[in-house]
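Look at the two complexes coming up: chain A is in both, with chain B in one and chain C in the other.
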Partner chain A sequence: MHFFELLVELLLMPILAFVIGLAMVLMMRRIGARIQRRVGPPVLQPIYDIIKLYSKETQISHGLMHEIGIIMAVGGYIAAETLLPVPGLDGLADKGGAVTLAYMLMIPALGMALGVGQCANPNGSIGISRALTAMLAYDIPFILVIFGVSYVYGTTNLAEMITIQQQQGVASWGIVQMPLLALTALLILPAIMGKHPFEIYVAPAEIATGPMVEMSGKFMGGLFVMQCFQLYTAGVIFTTLFLGGGLYWITFLPKIFLVVAIPMSVAYLFPRYRTEDVLRLMWKWPMLLGLIGLAVVMK
Partner chain B sequence: MNELDKIPVRQEISVAQGGAKRTNPLANVFDELVRFCQSRSMFMLHYCTGCGAIELPPAMTSRFDMERLGIQPMVTPRQADILLITGYVSVKTLKRIILTYEQMPAPKYVIGICSCTVNGGMYWQSYATAKVLREYIPVDIYIAGCMPRPEAVISGLRDLMGDIKSGRADNWKRYFQNYDHYLGNQQQLFGEDWQTPTDIIAEAEHYGLMTDQTLGEHTALLQKHQQPLEALEFSLGEKREKIQGEER
Partner chain C sequence: MTALDNLLLISAVTLVIAVLAGNSRVGGWLVTIMYALQGAALMMMSGLGYSTLTMVQSSFSIEVLSQQLLWRFDALSWFFALITIGAGLFCSWFASGEWGEKYRDNGGSLRLFHGALALNVFSMLVLLASGDLLTLFIGWELVSWASFLIMALAGGKAFGYAMRYISYAFAGAMALLGGLLLIYAEVGSFDFQSLKEAVPTMSSATLWLLVVLLTAGFGVKMAILPFHLWQAKAYAETPGPGAAFLGAISSRMGLFAFIVVIVQLIGISRLVEMKIPFTFLDAQDLLAWIAVFTIIIPTYIALRQHDARRLLAWHGVGQTGYMLLGIVIANDLGSAGGLMHVFNYATYQAMLFMVVIAVIHRTGTSNLNKLGGLFTRMPLSYLAMLVGIIGLAGLPPMNGFVSKWLIYRSLIVDGSPLLFLGAVIGTLGTILSVYKLIHNIFLGQLRVEHVAVREAPLSMVIPMMLLAAVVFVTGYFPGLVLDWTSAVQASIGIPVLAHHLGGIDMKGGLDMIWIVSVLLVGFGFGTLVFFLGGRSKRVHQLDNYAGGHFLTAETRYHYSDNFYPGLMHLIGPWYRNSFEWLERGLISAVDTLSTAMQGLYRNAHPSYLLLAVVVFALSWVIV
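What follows is the complex of A and B.
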């Protein structure tokens, strides 16, 4: 009985993540449109895009690694979703924990690197080297945040963190207990989601969307699906660590949408940083804030 | 009778029928849904020729906002569905257009904007301009005008959406089915040794779009000198080495 419950949860969690992710992509595009004083895409636009991409008649593949790379990119996020506790569904959360999750979040970028490498397009190679450098830049503050939060709650188990925050009320929420670490996480959130101003690895006018340059049809569709997971994951991690997670979907959903909306509203107002500036910025301010925050919580 | 009757009219190419092999299992089941989604989500290639391109920024930005119809710009031919030819096509540009067109994944649509793509427009007497675009690649829809306003561009795109929804917009198959015709016209302009990186004949075979019009005397000429495509050597160039040498 327990086995089947777990199986259902493992199937349900990625599907829920995908559906919520679609709504987040729509929200992102609508926010961008509103800032530019446009109407924006219709409600079902993300679904139209994905169905259209998968229904292309000619699929241009560049070899086996190209296909495996995309599967790794999407699969890494699907694995990450099963480690993220959401209301009613714990999945593998109590067995994995925050450290495993941090590892899982690196797999998509590595899968992309493999797939793009097979395409042998110079623009793609430049793009993916920038993407991996950006990952290096935001991962160190991210690990600092996870370390600090785990120290405060005394556990790396995400489900337990939620329980602690839910039982002791708003005063025990991460954002009240460790505001500096929450600020650090908020600063690196656009980089985790791959959005402005840390979007230089895409740079459409310069290197023709970088890693995506040779992706067409189902490969591009795979990346669109990945983007849904990416936004959802970033929102849920921040909510779990700092905003007390949620016991019910009705309190949980507004929180994750709010978390994703903040960087999105800022994103469309800024140009991009160069790769070396991303590295300099990330290793200076978020890291400084993270270290001070760590010192404060450890006393 | 007036003068117009004396101008020789070009013969329409015959549309040879050939059943396309459906590579996508979903397409057979949800044909209508797929066509609807294809019509509501069109990525257009960020590639502009001539002067009509100036009408696209207003069509894309806040005044007319193409995104509410699901149309957004994409920067590589691999991701794009529509190729907009926005103005006169010089012989040099036409080479790039054909390279780009062949790299796009099907179903793909070509829109000729401005009079120049219809019949050469004001460049009718120019020696360096390819006059009639549809002789070189199949065109799905023309938007005439010099230049058409953004309203006309959007109305043309809506017509294309209607065509896709009803399944009429399958001109991309023509390029495979009548490749000999298009290649012949291309060879007339570019010379006998014209060759593109994409192997259209092999693709036509793979997707089951071969007809008796696909191969002919022009493709025979192509196959005589066709060389397999090899990857270029990737290097950072002499300039970089020179800088490094000076540093040392």
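What follows is the complex of A and C.
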């Protein structure tokens, strides 16, 4: 019986992630609109977009790997969501912890990179080279954060981290215990989500939206779905590591939306950084903060 | 006749067959069958890999200087022998078909090639079977010369690189010999057990000298920093599957000897007691840091390579660092990860080299700037390379992820953030580099001259596919390999890792059966979501948007050279070739010294020499 409960959980977790991710995309667009003094899209716009993309008449495929790449991008995230514990649903949190999750999240990136490579469009390949460089930039401070948190809680199991923080109250939350590491994570969050100001790899004017240049119809739709998962994952990871996760959805949801909203509101104010400047920035301030934060928590 | 006698005998017979029949049409296949027989002989001792047997002795032994020379297999030797024979089998299989015919047509001697390969396997087995320090040294020298032979086969440039290797190997062997003499002076025996008993009473200075000499000796073979320069070029220029074999296992012999002498006999706990004055470090930390720099520097050198074989060979140097790191950390997780990485790495590195050689076989080049778009022409090779690069980069669901995960986890348990950071920096660099590898060979634009290229022949594809299956299955069920590493841990006296078929149970454990299953199901759902959309239309590769340009087959418009300009803009100036510079400096110093000596002996007036000798003799007599 327990096995079937687990299967239901595993099915439910990606679906919830997708729905919440849609809402996050909406929120992100609304924030962007308000900052630019626009009204922004209606509530159901993300759903309309997905339906529109999937039912397009012209859909260009550049070969099998182009298609498999999109499948890997979406499928990888579907699998990764089952490693992320949320209120009431632990999923596979005890079968692979934070380190496993960090590496699972590279599967969609790899899938997309391979798919774009097959398109044989130089703009796409340039975009991927920039995206991978950006990944190298933000993953180094990110891994410092993962290490620090795992060290403080004495486990890499995300569900146990939530339990520890829930049982011992706000004073034991990651953000109180390790404020510097939390700040590091907040600084790199827009880069993890692939958003302003770290999205030079899209660069519409210069390399024709880079990785997306050959993506039409359901290919673009797949990337849209992936974006929903991406925002949700970033929000949940930060909440789990630093904001005590959540016992109930009613307390959990505001936290994850807040986590996504903060960097979005700030990020829209900045112009894009060039690739080498992303590296320089990420390897300077977040790294410095992360190392000091680590030194503090490890004494 | 013990099981070990059988194995060594079959291996020697393989060598004889390779030399006698190597050039004939069926020679390669005969040798391949002999490797399979060696594998069967090894399986007769499989109890070693599952802790049901502790040791298999060879009945052959000789007495030198009142020392009994012994050969025997324990769990560690069995584990390494399994990889060695497996690598020999697959590489010889790969070489037996079309590759061999082409090699012979181009003037290569298959007799020499198969002979050299069989000699390598045989000498490695002899080294793995060594039962005391003297037999270890004999095996060591055999392995060095055997690898030199296979490296030098191609002649020309390859011979130069092989000479460079053998100079390094000589220096390493001298350091090793010095270490052994020191042991003999201190202990009075070359016996493993007497050394182990003598270690606690040795003075710290002696032990330091011993550790430095032995690590340098073994480190040359492993190509750890600062001895890393020889390996990549020498391996890359080795003909065809020989490169796959050397890349997979050859330099692991250094790691084997390191484990036997430093970990098993001297002991990591003794290293921890050896503090470095005026620092917080001890000998263990020092080795761990050497391992981390061995990960980072060669990996980022690999990122800059334009030749697929060079790129892979440089990664080989970098991956050694992970193994050494895991083993030096020496808790149950780390050592299991380090040992498992030896196996995992051998499987995907051999496969990746095979793919690159298959590409060379079909297109005639391994220059990453002259390839591209081969996915549509060589889909199975592409699949093998995809599996291989996921393994090399250490991502789930392949086996490379499990061993790296164990090493990361051990560093978290150990509380070493900077080592952890270094290991991850290496992994991220690997991801960038292997994407460039697969992109520039198989993705992007297909060149006009490669339109007619066909898939590699079956004799190449089958070994690749089998290895791909091993990489995937041991990633899905890592317990299969962890059984062997546990037996090794037990036999060398490190805490044994508790594990099950899918991974390990602990706070924040890992269960690959679940992880991989959920990933596969995720891909299944991803496929469903994909096919929810309308029908897509396949178009020609040049039918794409280029922002106003027109793409034609005549004007190459392919992105491959200097693949990461943004990154190189920042880290490019950090490549200073300091080690090359150091090596050149050392060479010219030796050169100057030898010229000076030559001048003294040959050119200077002999009477001055006579005078000097007389003065010296007189002063010695008087004083």
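Quick notes
Note that in this section the second predicted complex is superposed on the first by the 299 of 299 C-alpha atoms of A that agree within 3 Å, B and C clash if a C-alpha of one lies under 4 Å from a C-alpha of the other, contacts with A are read in each partner's own complex, and residues count from 1 in each chain.
We adopt the following convention: contacts are C-beta pairs under 8 Å (C-beta built on N, C-alpha and C of every residue); 3 or more make two chains touch, one makes a residue touch a chain.
Because the structure is a prediction, the values reported are computed rather than measured.
In the superposition on chain A, contact of A:99 is made with chain C only, not with chain B. Using the contact criterion defined above for the overlaid structures, shared-chain residue A:17 touches neither chain B nor chain C, since it reaches no partner. Look at A:41: by the touch rule set out above, it reaches chain B but stays clear of chain C. In the superposition on chain A, no contact is made by A:152 with either chain B or chain C.
With both structures placed on the common chain, the touch criterion links A:133 to chain C but leaves chain B unconnected.
Measured by the number of chain A residues touched, the leading partner among chain B and chain C is C. Of the two partner chains, chain B and chain C are each touched by A:120. Once chain A of one complex is fitted onto chain A of the other, the partner contacts of A:52 are limited to chain B, with no touch recorded for chain C.
In the superposed pair of complexes, A:214 makes contact with chain B and with chain C alike. Shared contact residues on chain A (touching chain B in one structure, chain C in the other): 54-60, 120, 122, 208, 213-214, 217. Those residues of chain A whose C-beta lies close enough to touch chain B in the complex are 29, 33, 36-42, 44-45, 47-49, 51-52, 54-60, 120, 122, 204-205, 208-209, 212-217, 220. Residues 20, 22-24, 26-27, 33-34, 36-38, 40-41, 46, 61-62, 65, 67-68, 70, 74-76, 78-79, 81, 105-107, 203, 207, 231, 234 of chain B are the ones that touch chain A when the two sit in their complex.
Chain contact summary for the complex, chain A toward chain C: residues 10, 14, 53-65, 67, 70-80, 82-83, 92, 94-100, 103-104, 106-107, 110, 113-114, 117-123, 125-126, 128-130, 132-133, 135-136, 139-140, 143-144, 147-148, 150-151, 154-157, 160, 207-208, 213-214, 217-219, 221-222, 225, 274-276, 278-280, 294, 298. Interface of chain C with chain A (complex): residues 373, 375-376, 379, 382, 386, 390, 393-396, 401, 405, 408-409, 412, 415, 417, 420-421, 424-425, 428-429, 431-432, 435, 438-439, 442-446, 503, 507-511, 514-515, 518-519, 521-527, 529-530, 532-539, 541-547, 557-560, 563-567, 569-571.
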